[in-house]
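Report on one structure; see the data block that follows.
For clarity, chains are labelled A, B, C, D and E in written order, and residue numbers in each chain start from 1.
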Amino acid sequence: MSERFLLQRWRTGLIVLALLIAAFLLLPHVYGNESLLFTLMTFIVLAQGLNLLYGFTGYLPFGYVGFFGCGAYATSLLVLHSGLPVLLCVVGGGLAAVVMGLILGPLLRLSGAYFSIASLAASQILYDVVSNTNLADITGGPYGLKIEQVYAPTASYHTMLVILVLATALAAWFRLSAFGMGLRAMKQDPVSAAMAGINVVRARLITWLISAGVAGLAGGAYAWNLSVFYPEAVFTLQISVFAIVFSLFGGVGTVIGPIIGASVLYSLYSVIGISTPQYFQLIYGLLIALLVLFMPGGVLSLFARRGVRVF
Amino acid sequence: MSAVFESTLLSVRGVQSGYGALQVLWGVDLDVMPGETVLLLGANSAGKSTLLRTLIGLLPCWRGEIAFAGERIDALPPEQRIRRGMAYMSELGVFPTLSIDENLALGGYFLSDAQVRKRKEQLFALFPDLAAKRRDAAGTLSGGQRKMLGIAKVLISEPRLLLMDEPSSGLAPVFVKQVIEVLKTSIGAGTALLIAEQNVAFLELADRGYLIDHGKVRLSGTRAELEASDAVRETYFGL
Amino acid sequence: ATAPSEIKIGTLYASSGPFAVASQGQYEGLKYWADAINKEGGVFVKAFNKKIPVKLVAYDDQSSTSTATTLYNQLITQDKVDVLVADFGSVLTSVAVPLAAEHHMLLIDPTGSGANFFTKPTNYLADVSIPSSTVWPIPLANYLVQQNIKKIAILYGANDFDASQAATLKEVLAKHGIKPVYDHGVPTTESNYTILLHAIAATQPEAVLEFGYAPNDIAFLKALDQSGLHFPMTFTIFPGQLLQLLTKNVGEKALAYTYTYPTPPLVKYEKVSYGMNTQQFVDAFKAATKKEPNFLDCSGYNTGLIVQHMLDMAPKFDQLAFHQAIMDMSGKTTTLLGPFDVNANGAQLGQPFPVAQLQPKGGKLDVVVVYPQDKATGKAVYPAPKP
Amino acid sequence: MSSNPPPLLRLEGVNKRFGGHVVLNDVSFSLAPGEIVGLVGPNGSGKTTTINVICGLYRADSGSIVFDGKPVHRVPMHELARIGINRTFQVPKTFRDMTVRENIEVAAYFGHADQRADVNALLRDIDLEAQADKLAGSLTVNQQKLLDLGRALATGPKLLLVDEIGAGLNPAELGGIAELLRKLAQRGIALIVVEHLMAFLGSITQRVIVLGAGRMLFEGSLDAASRHPEVVAAFFGEAA
Amino acid sequence: MELLEYAIIGGILYGIFFSLIAIGLNLIFGVMRIINLAHGQFIVLGGYAAWVVSRHFGFNPLWAVPLCIVAAAVIGYPLYYAVVPRLQRSQDPEMLSFILFFGIGQVLEAITVLGFGADQRSLPSEALGSGNIGVFGQAFPDSWWWAAAVSITAIVALWLYFTRTKLGYATRAIMANRDEALATGISVNKVSALAFIAGLALAGMAGVFLPYLLGSVSPDQGSELTTTSFAIVIIGSLGNPLGTVIGGLVFGLGTMIMQTFYSSWSNLVPYVLLLVIVLIRPTGLLGKAVRSV
């Protein structure tokens, strides 16, 4: 890659970041439903975080929500017991997810569907443990948690925006750095990549931890924004499924794909939910099926087909 | 001329093909007579494999005509072509998760079970390595053993026209010889062969050959003519 | 201020997912109320001293909390509804609680009774239909003590609603020195009870109490019916709320002689201070919708009634006045669901649920209240006869 | 074989088994820098497995492998690549969705810590300059083999294991490859070349090791091998 | 001890039934590399088919088994041709199928709700015999035995198909290498369509017994069934029907034994087992390693 080309791409990255920041700072003034915008950001972050792992290593974690829930719980428990400022607690949520990622590191020995389902299993186990009545004294068990004392929708909104920027910057780094090129090589042929001198195990683990951390941070900010929640609110499989569907739809392995995918599909979801609640699920399902059939390869394939190199 | 054409087993006229936007074949003309052995020569990436894939139907034929035994087949799916008596051996392919027995059974997809059984024993006699591992997954075989299995898999159906992509590559000399022997007996049995092959040993087998260059036939002729041709000697023997 | 042309009441329902059945029942009750009141020209609003038609703005949250969050916010910030009514159940209500407080909206909460919500005084939350699930099992516990039933097996779903009931029950029993012979939580999604029943039977209990959601109760009762096992006393929650659904699914035979908390319309409040009494509502609802109402229909309707009462009492048309009106009517109002009594934290303290046994009579199941004494309509058959 | 300079690579009693099947049985040999050794034998005799064991893809069940004076049989593959062992694959394994140039750049970046390989020179060496910006997946199998070689070279190996690179090439192309391999040896790279094409092998080395059913049947000159009865029987067939 | 015995026999019956629940997913994934995220919804449809047959028309619910096979053909054939060839022409069918079948699952669930309402439906207990059949003194409802018997029959049939028929080899060949299968002369589309239909039919058949084993059927059960099925398939290893049986047994036994002794942790069982098993054997219990080089 020539220097100029790289520079140009970094510039693209900065533009994307600037646009994101501007959009989510301005949108609340145009459209007052901040919760919707917040949830939209959450899903963009999750789609992006998933993209970091799946798009760059080919490991599709069905249980991605596990890190999200882990972050949500760690953040809330820190708020309840540590007396630290909330922002630090959110960071703690991210760290907790990273630690969880480390514990689950051996899953990376698996591949394909085996990995996907094993990560799902791990997230289910987390959920079952957290929500178990026997642990009610520690985790709140089925009764959930409440951190109303720190409830601050606007601050949590801005925190999520920062996380969104971070996740996007990470994706840009993956896209532009040698580390990212190594990941792409590993994704296509791990044996050959090892023979190219790449420490496949370590690079994969790093990516996994980064991806986990992003979800953990998102979970922390999300818990903060909700402030009263039951375990299913932060562990529901729907979150994984949405993150996967959104990022795949946008186009993985790119920076803007997950952003576009999540924005388009989640906006559609909200529009249908608000305009035609009677047939919400039916219309949404049909729409997704049709979009896939007539736009296989995701939104970005539309550009790629016209020869545009997507960032 | 028309009498010749009628007895032609495979007739290829002006075939163009490629991958997506990339055109590889730019109008190939070629004939194979029943029972004849025809060699496809050509440098790396000349389009030999692409031509074979187009003939069997794995790649769509963009333009031109392919006729087999007097019938247009260029719009048919591979299975229909194979049903009509063609067979194709790819460069690398076997079914790694299936046992050797099962791989062979699929090679004779359109044969009766009894026929498959009989042919299988004949082939095992030729390739004792395979016989010894007949219940093992093909995925555990070495590179050359896979190649043998690939060859056995297409030979089993005794097709009228056999398309082979580099049958000898990766085989030890002893097996190259065997393969040539087997192919000789197949010719005896009436099978026509169209082989993309770089091994000089195969020239002895050929009746005729074509030299493919950048997706076109640059030259064609009998074995003797080819051996004498400067173009062939240049690309093929590097002289 | 000038009077609006309509009063916007915003709410959510779930058309799919685990809360769909209950949520839709509740929504239908509310819709029935809105239709009925609009036929009379609207609801009387004291602040404007006239009747104004109501308009329900309702979205489908599909039982998802994240969707519910955005939709509650949509109701508040975009539709700018005048009255905010929560969806069914604690899970879908939870996300609305801080949101409503933030926007200074009074959240009318029909059935979200998680104890977590009611921990401090608030102007923005009022549980209007059912008491916190933590108080539900108190009469049941007392009944068991009174009947001198000592070997008790408890099986509960690992969720707020069920686990909190089990916890309360055990607390009361413990005061009387009773320790359950079997006490286990099961996952909320549990649907296979055959093995569990055998484990329970092995402890030879005199009473088996199963706290679950409707699907749990159905699966539990069906498994019990098919297992060939028999217990002297069996208690489940949902026959008392969704008797038709349970009967349709498990059959009358399997329900015979089991116990439950009967709720309106299975128990009827004849003397009410506001709106129709229970029987009148049942008749009116049947006439209008051709359907037999269940408890959730009643609670949806009751929610409408409370809103109606609130509006006809509040001197000003704002949320604090609404809340004050609710506080004012607390303790003085009885509706088809019974006494209405909200405390400063927003919790409902009205009539605790009695205990009833379903006794077969003339091919039908009779709901016989057996406890407390002053409500009792008959005597329990104990032990339950073998079929 | 001179004994003064210490060998670059030394295998000592290497064994490898799959299930009950013994694939390598007591394989021992050594190799000096810049030396080319041909590894031949009938199909399934264990040639590829030998390479797999040396490059760290498989772990030998017993025996020792010493490279540059250090035991390496427990060193992970990417480490081996960085200290100078590399290989090509019998079935080429390229990064299919990356361009030819990127394929090489990756290896140059990650595998070659001290001095950057000259990517353009490498592309010239493997004769893929014209294809530099094509996706690797769109190359022919033979071109992919060359690219595989390029990827290996980009890590600056001291020992290169080449698995049947000649198969499927026509004689003209074989000549080019032979020349390249000789050039590499002159640069001091030791080569183990697995090959069935004797003429090709003969044009680059005289020293061969013959495997038969996992055992070393013969070690010595190619000419002697072709006269060794056991080798002839196993490899060229009775008739030869 | 008696409890343990009961849990073991119950676990076996329940596990066999869950093999049937999962096996269709395995078939479709193995052959087409399609992640049928709507698998659970198809199972639920089977449950409603049984409900219609039994409560609406008053027949024995077992008639829903052949009905499901017919319905699978009627739905599966057009669905296959509408969807799968398009998917397979795309760059990454596996990941696209994930989104597509998520959409299809949503549609199916919505249709079920619109058609039947969101509430639970169950079947008359008597229809499959209201008695109990005992083994080693441990009695289980007749319906459990029926479910296990039908499951075993279906799975054995599938196994014979895979290992004894050329069509079965062809199916596995497609699983292994689609292009090579085309080149071998296998009618890839027909064989895949057949597998697709079979996958749906097996899901539907499993659904018929759902109301008996799980008390009732309701539209929202789909996604959890999909998840459980995935766990079972992976425990046993992909593409191997026998593996799915073992996966089902492991799941059934684990759940039932755990339920007996530590019920509140019981739904952890399949997932813990899964993790342990795949970490020890990364391709499931019956997974075969194929060399990569």
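Basically, a residue touches a chain if its C-beta (ideal position, glycine included) is under 8 Å from a C-beta of that chain, and two chains touch if they have at least 3 such contacts.
Keep in mind the model is a prediction, meaning the values are calculated, not measured.
**Q** Where each step is a move between two chains that touch, what is the least number of such steps from chain A to chain B?
**A** The fewest touching-chain steps linking chain A to chain B number 2.
**Q** Measuring centre to centre with C-alpha atoms, which chain is farthest from chain E?
**A** Of all chains, D has its centre farthest from that of chain E.
**Q** Could you work out how far the Cα centre of chain C sits from that of chain E, in whole Å?
**A** 36
**Q** Provide the C-alpha centroid distance between chain A and chain E, rounded to the nearest whole angstrom.
**A** 30
**Q** Could you state the distance in Å from the CA-based centre of chain B to that of chain E?
**A** For chain B versus chain E, the centre distance works out to 42 Å.
**Q** So, what's the distance in Å between the C-alpha centres of chain D and chain C?
**A** 75
**Q** Show the residues in chain C shared as contacts by 2 or more other chains, in ascending order.
**A** Counting only residues that touch two or more other chains, chain C contributes 15-16, 158, 185, 187.
**Q** Two-or-more-chain contact residues of chain A, please, as numbers and ranges.
**A** Within chain A, the residues that touch at least two other chains are 128, 132-134, 191, 280-281.
**Q** Which residue numbers or ranges of chain B touch two or more of the other chains?
**A** Where chain B meets two or more other chains at a single residue, that happens at 140.
**Q** Per the contact definition, I'd like the list of chain B residues that touch chain D in the complex.
**A** Where chain B meets chain D, its residues are 19, 22, 41, 43-45, 49, 91-92, 129, 140-145, 147-148, 166, 169-178, 198, 200, 234-238.
**Q** Which residues of chain C touch chain E once you look at their complex with the stated criterion?
**A** It comes out as residues 15-18, 20-21, 24, 63, 155, 158, 184-187, 189-196, 198-199, 202, 214-215, 218-220, 222-223, 225-228, 245, 248-251.
**Q** Any idea which chain D residues touch chain A in the complex?
**A** 55, 57, 76-79, 81-82, 86-87, 89, 93-98, 102-103, 105-107, 109-112, 148, 151-152, 154-155
**Q** State the interface residues of chain B toward chain E in the complex, per the touch definition above.
**A** Touching chain E from chain B are residues 56-58, 77-79, 82-83, 87-88, 90, 93-98, 102-103, 105-107, 109-110, 113, 137, 139-140, 153.
**Q** Would you pull the chain E residues touching chain C in the complex into a rising list?
**A** Result: residues 2-3, 6-7, 10-11, 14, 109-110, 113, 118-122, 124-125, 130, 132, 139-141, 143-144, 213-216, 218-220, 224, 255-256, 259-264, 266-267 of chain E touch chain C.
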